[in-house]
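Per-chain numbering from 1; labels A, B, C and D assigned in written order.
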Amino acid sequence: MSLGGVVPPLVTPFRGDGAVDLSAFEANLELLTDTGLAGFLVLGSNGEAAALEESEKLALVSAARRALPGGFLLAGTGVESTRGTVALTRKAADLGADAALVVTPHFYRSRMSEEALRRHFTAVADASPIPIYLYSVPAFTGLAWPPGLAASLAGHPRIAGMKESSGDVGLLGRIVDSVPGDFEVASGNAPTFYPALCAGAAGGVLAVANCAPRPTVALHGAFRAGDHSRARHLQKALTPLAVAVTTTWGVAGLKAAMDLAGLRGGAVRAPLLPLPETAREEIHGLLDGAHAVLG
Amino acid sequence: MSLGGVVPPLVTPFRGDGAVDLSAFEANLELLTDTGLAGFLVLGSNGEAAALEESEKLALVSAARRALPGGFLLAGTGVESTRGTVALTRKAADLGADAALVVTPHFYRSRMSEEALRRHFTAVADASPIPIYLYSVPAFTGLAWPPGLAASLAGHPRIAGMKESSGDVGLLGRIVDSVPGDFEVASGNAPTFYPALCAGAAGGVLAVANCAPRPTVALHGAFRAGDHSRARHLQKALTPLAVAVTTTWGVAGLKAAMDLAGLRGGAVRAPLLPLPETAREEIHGLLDGAHAVLG
Amino acid sequence: MSLGGVVPPLVTPFRGDGAVDLSAFEANLELLTDTGLAGFLVLGSNGEAAALEESEKLALVSAARRALPGGFLLAGTGVESTRGTVALTRKAADLGADAALVVTPHFYRSRMSEEALRRHFTAVADASPIPIYLYSVPAFTGLAWPPGLAASLAGHPRIAGMKESSGDVGLLGRIVDSVPGDFEVASGNAPTFYPALCAGAAGGVLAVANCAPRPTVALHGAFRAGDHSRARHLQKALTPLAVAVTTTWGVAGLKAAMDLAGLRGGAVRAPLLPLPETAREEIHGLLDGAHAVLG
Amino acid sequence: MSLGGVVPPLVTPFRGDGAVDLSAFEANLELLTDTGLAGFLVLGSNGEAAALEESEKLALVSAARRALPGGFLLAGTGVESTRGTVALTRKAADLGADAALVVTPHFYRSRMSEEALRRHFTAVADASPIPIYLYSVPAFTGLAWPPGLAASLAGHPRIAGMKESSGDVGLLGRIVDSVPGDFEVASGNAPTFYPALCAGAAGGVLAVANCAPRPTVALHGAFRAGDHSRARHLQKALTPLAVAVTTTWGVAGLKAAMDLAGLRGGAVRAPLLPLPETAREEIHGLLDGAHAVLG
């Protein structure tokens, strides 16, 4: 069980009344099984975790665990306080999560020095019954990852790796070069997935894997097989879709892509805005493009 | 009841075991009464609201209401989702808050367009039993305030004003110039309090008012009295302390200044780091400097 | 002779063939005389100095000196190297400039530490036959001004003051509070001119003074006379025009405003783009608004 | 003649009196010949072009041409105005430059829209007797490259390619994917050279190639030979040196590394600061590390 493959950050479907739609969530898990994914992340940024109540978070972990009795289940448990992160990590573990993904706290970002982050991650790992993965996502947190921090934490017995979502392949490479071989660095940026693998990433936790799991898994497989030409070809086909469902249209775009791909995306929770209708058609074309290459 | 004066964003004291210390919180309220403050904000950024559980938030609103039977009580109720913000605003109103301060959602900051924010604030105001104040604090949210947004929301019967904490006096002035006279714009940046008043701010919600309420109130009073020379003199005396307890040392510095001023600040909640011991002495000197001018 | 008033950063008109149009430049100077301006800046950012050859720069200084036999003539002489800045400052002095405005070097911005800037300004002042003014304009240089730098340079006998163009009134105020009373700090940001005066600015070097000298001078005069109400009223009338001819439309907008005001603005030098025709009408309205307040 | 290999951006040595030291410059060229480099860039950012007078620039182009009768000579000719860039490009061509590297104008960065840049590059290419390469280096210009701009310019018969120095491998890949195969994209960021090659870069214009040409050329060769394992190994050995002579210590560090490697770096031109003595030793160790891998 590890991040050495492709993991989708699962979206959270909502019902018409705005509540979490667990049956749609479970339907997605069923549809995504047997596509070669290495595991599943619940409560990530693309899962709109920032907009969920704690009770909703726990229900999603439980549902995922039930749906994936043997799969690798990662749960996003990072909140702003160390205390709250410890509590949520323990609850997720109790509900069957195999590992926790812990985002950098960031509201008080000017105070989140390397030392503050080191103490935070160490305290969470000390108290956690399950392995944790560090998580840096500057697009959401506004916080740059200190290049030396992963190396100083990699020795902790319950810190298993890191998700690096900046898209800065140079930074990812420097992190990989600074840690022991069993510390897994996963890319969280699909448009640079192939170069990140070249730079030493073990795998990827990638939004686009929700709507295009097969091409994403194929890219990883091609790289593992040493077929750089095919890996780069798959990257080129995947990039426009990956950009559309993250940078350009965000979670609303990702959910629309899932709807178009036969999964259940649905609406986003406000204040996120619904997708403009014109974007749906564009995304449809990009979905086709990403899959054509599998042909 | 309004923001037309000086309001401290109350800090949240913690006990040795990390829990909220309501008795220390109440003691602060008692000590701050009769200093000329126009009201009190509970659950602001300086109140470490981002690191509090909802139950802790509600206990603080209740405690503040009990301690201030007749005073103007403002509660920070903004969270990432519109749904959650509505729910918390209603609970705060039920517990006696007079108004709610609603920060811009920001985790999905690239999606927080002017339209997304407009819908969010409108939905919250529509559902709120009490007036709301808009709140922009880019140092924490990483989000710039769209200059025209306040004007487009000012007509809502339950949107009473705004706290503008960027320190950009030009922006604050443009907002003031764009809204009706009864829409109150408060500065959230003490080092520019006097220039902000010149630019049309009605008052200030200022961290430094926790540890130096009298000089802050005196500055506002001097401005109101048309004594610009004294107002600028008070600003000059207050600025170094205000910078120290925000930009330089953050909430840990503010709490230390309160301890030094005879109030109860105490420890911050991790991952915020404790104040370096050397900073305490520096802050002591700045506190003296800020009060010396009162003669 | 000082920055204690309003100084326009003169634009550089170009002929149809792209060469500098000295006669248009001189015509502007003649039209701007007797409007109450405290002096004139040639070769500033709004003068497109970055796009001028050295021979063109020297011709502009000469022309300005001839046109203003007794006026205060400030010349922008800062280039990227200390050596080049010294050479150009000496040439400008030889041609009759009264003082030099020296912008922070910035191409190697990550290397422009406080120490590097201190050595640069000191070396230029040591070698200069005329007083120099420090100049910080982050919108163009991408470089933040170190708050303590002005104070450490203010003692130099040929460093007379500073132009602070960030629009950060708090920073301007902290600089004013840190230097001796005879070190002049001028604002370079018209939308915050009145608050900057409140914070201690001696005057302003303001693009908008090219096209609306009288309202700008009137604002400064009202402040000096202690008429805060009128100063704020003039600021409110001036701000929309000031924003249009800087942030919104840049030098092309400023030159169009001059054309509309009966001066000679004309075209900008590429790669700056010509003004969209629709913007001209908008600027016309803002010019009227800025002057209406003079009654 | 192309950028399909490793090209050093040559440094500009200075004499004790601060003038350009052409004999040291020529000595470097002689020492760098026969190391497998694909060409040479004179007047790049690392050549301190921003701090050179035009006469110095022309002398360097002439000297380089004389020293490299048959080699690929690229000259940096971009200045802030289109007019000045055209003039300098023509002069460089007259003196024998094979191609020109044209940096994005940037002083008026908020005005440098995609359209402004398109017109600028087109005008320069129209007027240039030699092929031009586009050049984006946000660390110095503060300007992000519009992703679609290269594709819209690639059809021009005298626009041959681009140097992309942001270090953003995703952006580089998207540019490569958007242009015809004969439009060469070179990386300008050594710490991401191997991933950039994977993403489709043809070669690199890399500061570190001045002081460690052989390992840099070896990395490119390994990639071309399909030996990804060796390429990544060489990257890992080169990265710490590459970071030290750019991000950490800048041109002063690069010149010190050249001195240590038996070339002639020497002093930087003020306001760049001299290298701290302690950094020299650190760089020595990194130079050894970069070469050790060549065995």
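Things to note:
Assume a contact is a pair of C-beta atoms (placed from the backbone, for glycine too) under 8 Å apart; a residue touches a chain by one contact, two chains touch by 3 or more.
These figures come from a predicted structure and were not determined experimentally.
With respect to chain C, maximal separation of chain centres occurs for A (centres as means of Cα atoms). For the pair chain B and chain C, the distance between mean C-alpha positions equals 36 Å. If each chain is reduced to the centroid of its CA atoms, chain B and chain D end up 50 Å from each other. Counting partner chains per residue, chain B has no residue touching two or more of them.
With chains as nodes and touching pairs as edges, the resulting graph is a single ring in which every chain has exactly two contacts. Chain pairs that touch one another, listed by label: A-B, A-D, B-C, C-D. If you check the complex, the residues on chain B that touch chain C are 167-170, 173-174, 177, 189, 191-192, 194-196, 198-200, 226, 228, 232, 235-236, 239. For chain A in complex with chain B, the residues that touch the partner chain are 18, 45, 50-53, 80-84, 105, 107-113, 115-117, 119-120, 123, 139-140, 142, 247, 250-252, 269-273.
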